[in-house]
C-alpha cells in the first residue's frame, strides 16, 4: 500500500456531488485537496456555498482554469453532462487522471449518447478511453485507466441488484423489470417545480416512464456482463426523502431456482466486495445513508417463480461521490477502503 | 333520488378509518350518525380520541352493544379483521345493512381466508352473502346486497389500474407485476416499531414481499373479471408520507397494442365512473389526497412491448372510508356522488 | 339569510392561495365562479396548473382584463404585494367589492407600508377605505366595507393568540414575544433556494429575525385593540411541513393572574366566534389542517408569572383563503359559516 | 498526547444513544469497545438491533453483569433515568470512570431531582461526585472527574446559546425565554402515540409547557455561571425531523448593547472552543447534523432592545453521544477533537 499524499482537484463545487466529494476527500488520509472550482462562485469560500463546512473547509473557490497548469494526481469533474465533456477534452493531455461524475462517457458510443441524451457529443475519442467505474465489476480496468466514467446513481443500485444473475446468465431474456425509487437529491440542487418542497413532501410519483437515460446505461452494462443483448423495463419514482435509492428488480430465471441457490449465487459473487452487503431481509435506504454500502436482498418467490432483488444505496455516495473515491483508491493503488469507512447515519 | 335521512352507526371509532368515516358522514346530506362505538373508550367524547373534531363531533362513544337493539339503516364496521366477523355474525338477523371495512369477507371462501390470514373464520356463511364492494365493478350487486366487504386499500388501486385490461382479456397470463407504495397510515394507528417516526421519515423500504394478504384479493377479483385464473406478483413498499397509495403495474398484452388503443380502452371502461380520472400524465398521491378519486395513467412502452399503468388513491378514503360511503349511497338508492364531493387537498 | 347566487372572480390563480380559493368557492352554496384569471397561463384550463382539479374545475383561465367589464359581486385578488395595489386602483370605481389577499392595504398608512415593504405605494387613497378583515375582531366593519385587506397568515394566528388579553389591556408594555413557526407553503409556489426540498426536509431554522413585515401588522392591530402603542418581538421559523402555523406567545400580565381567570377571559372573548376553539391542551397544526379553525391554548405559568398562549391555524385557509371567504360571507350578508364547514384533515 | 488504546464498555445498546455511541467509538483511534450490553437482547449481535451496522459491528450483546469484573477505562451508561443510578451505585468502587448519559446526576441535589423527576433517588452520594460534563464550561473539572453527568440535549443547546451573556452577567433577571424545538429522536426509540409517524409527520406542536425537566437543569447551570439565581421560561416543541435541536433564546440586556459588542462577547467566549461555531446568520439544524458542532447566532434587535440568540445542535451527538466522547477525551487526556471530526451530513 502506498502512503504518499496525492493532490486532487474538485471541479464544480456548487452541487450536491461536489459538496459530498469535498466532505469525503477532506477526511481521506492520503489526499490533499489542492483546488476546488466553481465558475459562478470563484472568490468565495467553499463554506459560503455549503454552510455546514464553516471552520472546516473555508478554502477559496477558484475558476476551473487554475487546473490548466496544476500538477494533480486526480481531477474530479462534478459537472452537468454536456459540460463535463468539454473539460475532459481540454485536459486530455495532462498527466492527471480524470474521474468524471457526469453521464458524458458512460455509454458505449457517441451515437447511443446522442440518441438518449438528445445532445451532440463534442469529444468522441473519449469513448474509447473511458472505463465504466463500477468497482465491483471493473476493478482491474479501473486500476489501469486514466479516465473513469463514474456510474449513474440508478444504474449503480440496479446493476448491483442483479449482477450475480447476469454474470451467470440465469435470467430469461427481456424479463427484467426495475422499479426504482430515489430521494429528491437525485434531481440536483437547482430550484425548480420538481424540487419545490410542496411537490415532494408527503407525495410520491413516477417520472421519466419509458424514457429515462439510465435505462440504456443499465442495459449496456448488463449486456456486457451476460454476453447477451439485454432489454429492461425501468421506471423511476420520487421518494419524499433527501437521500437514498431503493430498487425492486423482478426477473424470471431461465432454469430451476430455489432460495438457497439464489443466496449462494449472491454471497459467492460478492464475497470479496467489502461494500456490498447481502442481507436476508429487505434493506431500507436509511440502512446505508451516509455510507458507501450497497445492501442487497435477493428473494425467490416459488409461488410465482420469479426472483425479486432489492438493493439500497445512498445516491450521493455509492451512487456518486464515494464511488468516485473508491475509483480513485483503485487508480492510485491505495487500499480500496481508504477514506470510506463511514458507518450509515441512522436514525 | 330519495332524500330521507338514514340512520347509521360507526362501530370502532378509535382508528383512522373510523375517524375518516365520521368525518365524511358528518357532512353527508342524507345521513344521521346515530351511534359511534369504541369498547375501550366508551363514555368519552369522540373528539377526545381525535382532537381535530373538537366542537364538531363531540358525541359520546358507546359500547358496541348499543347497536343490538338500535334501528339502523347502515352499520359500518371499522374493526380489525378477526373481530369484524364476530359482529357480522351477531347482527346477521338485524334489518340493518352492514358495510364491513375489514378483510373478513373479501375473499372467496373460508379456506382461502384461513390460508392467507392464518386464522380460523368463525362465520363461514357470511361468504355466500357478502358482495365485494368495488363500485366501479360491482355497482349492481352492491345495490342489492345486505353485507358489503369493503375492498382493501392496495386492491382498490391495483384492480382499478388494470381492470379495463382484464375485463377485455388483453393481458398475457401471469405477466402482471404490481409494485405498490403506500403512505404510513396503511399500517394503522397502533404504535409499533413499524410506525415509529424515525423508522419511516426520510426512509423507504419494501415489506411483506411475496406474502402480503392483498395479493390473493387482487388475484381473485382479476380472475373473476377476466374469467381466467390470474396469478400476480405483488410487492408493497412504505412511503414516508401520511396518506396515499401509488401502484405501478406492469403487464404484457396478449395482442397488438398501441398508445391510442390503450387510452381508448381505459376511457371507454371508465366513462361513466365519476371517481376514476384517466390522466395522460403520471398522477401523484397528492393529486387525490383527501378525496374519493382514483387517478389512472395507462402507458404503452413500444420499445419493451409492455403496458405500464399507474394508479393513485387516498388509502384512507377511496381505499377505505369514502369507498364505504360510496357503497352506502348505492345500497340506499342515493345519488352515487352524495357526500363525496371533496376536492383533493393539495399542497 | 339571503340565498341568491353571487358572481365572483378570482384574480391570480397560479399560486397556492388562488388554488385554495377556487377549491373553497367551488363548493360554496351561494357562489358562482364567473372568472379565474392568470396573466401567464390565460387560455389553459385551471386544472392544467393545479392537476388535483382535473374533471372538477377545468374552467379556462382568462386575462385579468376580462374583469374590467364584468358584473361581479366580489373580486378576490390573489396576487403578490405591489401588484395587487394596481388592480385595486384600476377597479376602484366598479361596483364590485374587493377582497385583497396581498399585504398592500393591511397597514395603517403608505408611510408605514413603504418603510416595511421597501416599496412605493401607488394607490394611497386605498388606505382610507380598506378594512382589516379579521372577522373575530372586525365583523361589523367588514360587513360595511367595499375593500378588504385580508390579514397575513402569521398576524392571524398571532393576533388571535393574544387578542383577549389586549382587548382587556392585561399585558405589560413591550413584554409580548411571538415565536412563530410556519409550514413551507407560506413561502409561496415559486421555486427558489428557500423552497428546495433538500433545504426544508428534516430541517428547521429561523428567518427574517427582527425584520419580518408581519411584525408591524401585528403591532398595529394589537395597538388598535388595546388603545396603547404595542411593540412586539416576532421571530418566524420554517417547519418541514406543507401547511400550518403555530405561534407560541409569551407575555407578562400587568395584574394578578391565575389559570381559571385566564381561561375565562379567552372563553368569554371567543364565545360567539365559531371558528376559534379554546383548547385545554396545546394544539398541533394537524388539528386544524384543511379547515378554517384557529385553535388556541392559553396557559398560566405561576412559577415564572408569564402567560403562554399557543395558537394553530392552516396558513393557506384561516391565514388566507378561507379567511377571505369568511369576509365575503359577511360582506354579502350570508351565514358566517357558509362554505366553511370543512373538518380538519388528520392524519 | 497519549496514544494508548483504552477499553470501554457501552451499557445499554438498544436505544439511539447507545447506537450513536457505538458508531463514534468504533471509529475512535484510541478506543477499543470491550463490551456492549443489553439486558433484553443479550446474545444477539449488535447489528440485529441496529441493521445499519451489519458487517461493521456484529459484536455479541452481553448482560450488564459482564462489566462487574471487567477492567475498563470508561463505562458509558446509555440507560433511562432511574435505571442509570443503580449502575452508578453498583460500580462505584470500580476503577473505571463512568460517563452517565441519563438525567440521574445532572441536578444539584437529590431534592431537586425528586421534585422535577417525580422519583426517589437511590444513590444520593453520587451528587457530590458528579461533574456536569459540558466541556465548553467545565473542561478542567471533567478532566479530574470519575463520574460525568452528561448534559441533556436541550440544556446543551440552551446553555451554549447564552453562556457568554451569563458568564459576564449581562442579562436582566428572569428575562430569559427559551423557545426550543427538537427532532423526534429526542423522544427515544420506544413506540408510543408520541412517536407514531402520523402524529409527527407534517405536524408541529409544543409539549411539556412549563414543566419540562430540562428547565431546572438549564436554570442551575446558568445560575452557577452567573453567580445569581436564574429563572427561565422554557418551552419545547416537536419538529417533524429525525435529529436536531434549534433553540431561540430571548433576553433583555442589563446594560447598553449593540451588534458589534454582542458578537465580540460571543467570539471571545468561544475562541478556543473548537466545536462552537459563532455564525453571522441563523443556523439550521442540518448545518450540524451528524456532527459534534454547536452553531450559534447572536442577534441584537435595537428596535426592541432584546438579544436573540439561536443555537443548533444534533441532539443525539452534541446533545448526547459525541458530548460523551468529548468528555471521555478530556478524562483520558486525549486530544479534545479525537474521533469527533465528522463533517455535518447535508443534505
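Going in written order, the chains are labelled A, B, C and D, and every chain counts its residues from 1.
One rule holds for everything that comes next: a residue touches a chain if its C-beta (ideal position, glycine included) is under 8 Å from a C-beta of that chain, and two chains touch if they have at least 3 such contacts.
Remember, predicted model here, so these are calculated numbers, not experimental data.
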| item | value |
| --- | --- |
| Lowest number of touching-chain links that must be crossed from chain B to chain C | 1 |
| Of all other chains, the one whose Cα centre sits farthest from chain C | A |
| Inter-centroid spacing, chain D versus chain A (mean Cα positions, whole Å) | 36 |
| Gap in Å, rounded to a whole number, between the CA centres of chain D and chain B | 46 |
| Distance between chain centroids, defined by C-alpha means - chain C, chain D (Å) | 40 |
| Residues of chain B whose C-beta touches two or more other chains | 16, 185, 198, 201-202, 240-243, 283-284, 286, 289, 347 |
| For the chain A and chain D complex, residues of the former touching the latter | 16, 19, 23, 26-27, 50-57, 185, 201-202, 242-243, 277, 279, 281, 283-284, 286-291, 295, 316, 341, 343-347 |
| Residues of chain B that touch chain D when the two form their complex | 16, 184-185, 189, 191-193, 195-198, 200-202, 240-242 |
| Interfacial residue positions of chain D with respect to chain C in the complex | 174, 177, 179, 181, 183, 198-199, 201-207, 209-210, 231-233, 235, 237, 239-244, 246, 248, 250, 282-286, 289, 299, 301, 303-304, 306, 308, 310, 312, 347 |
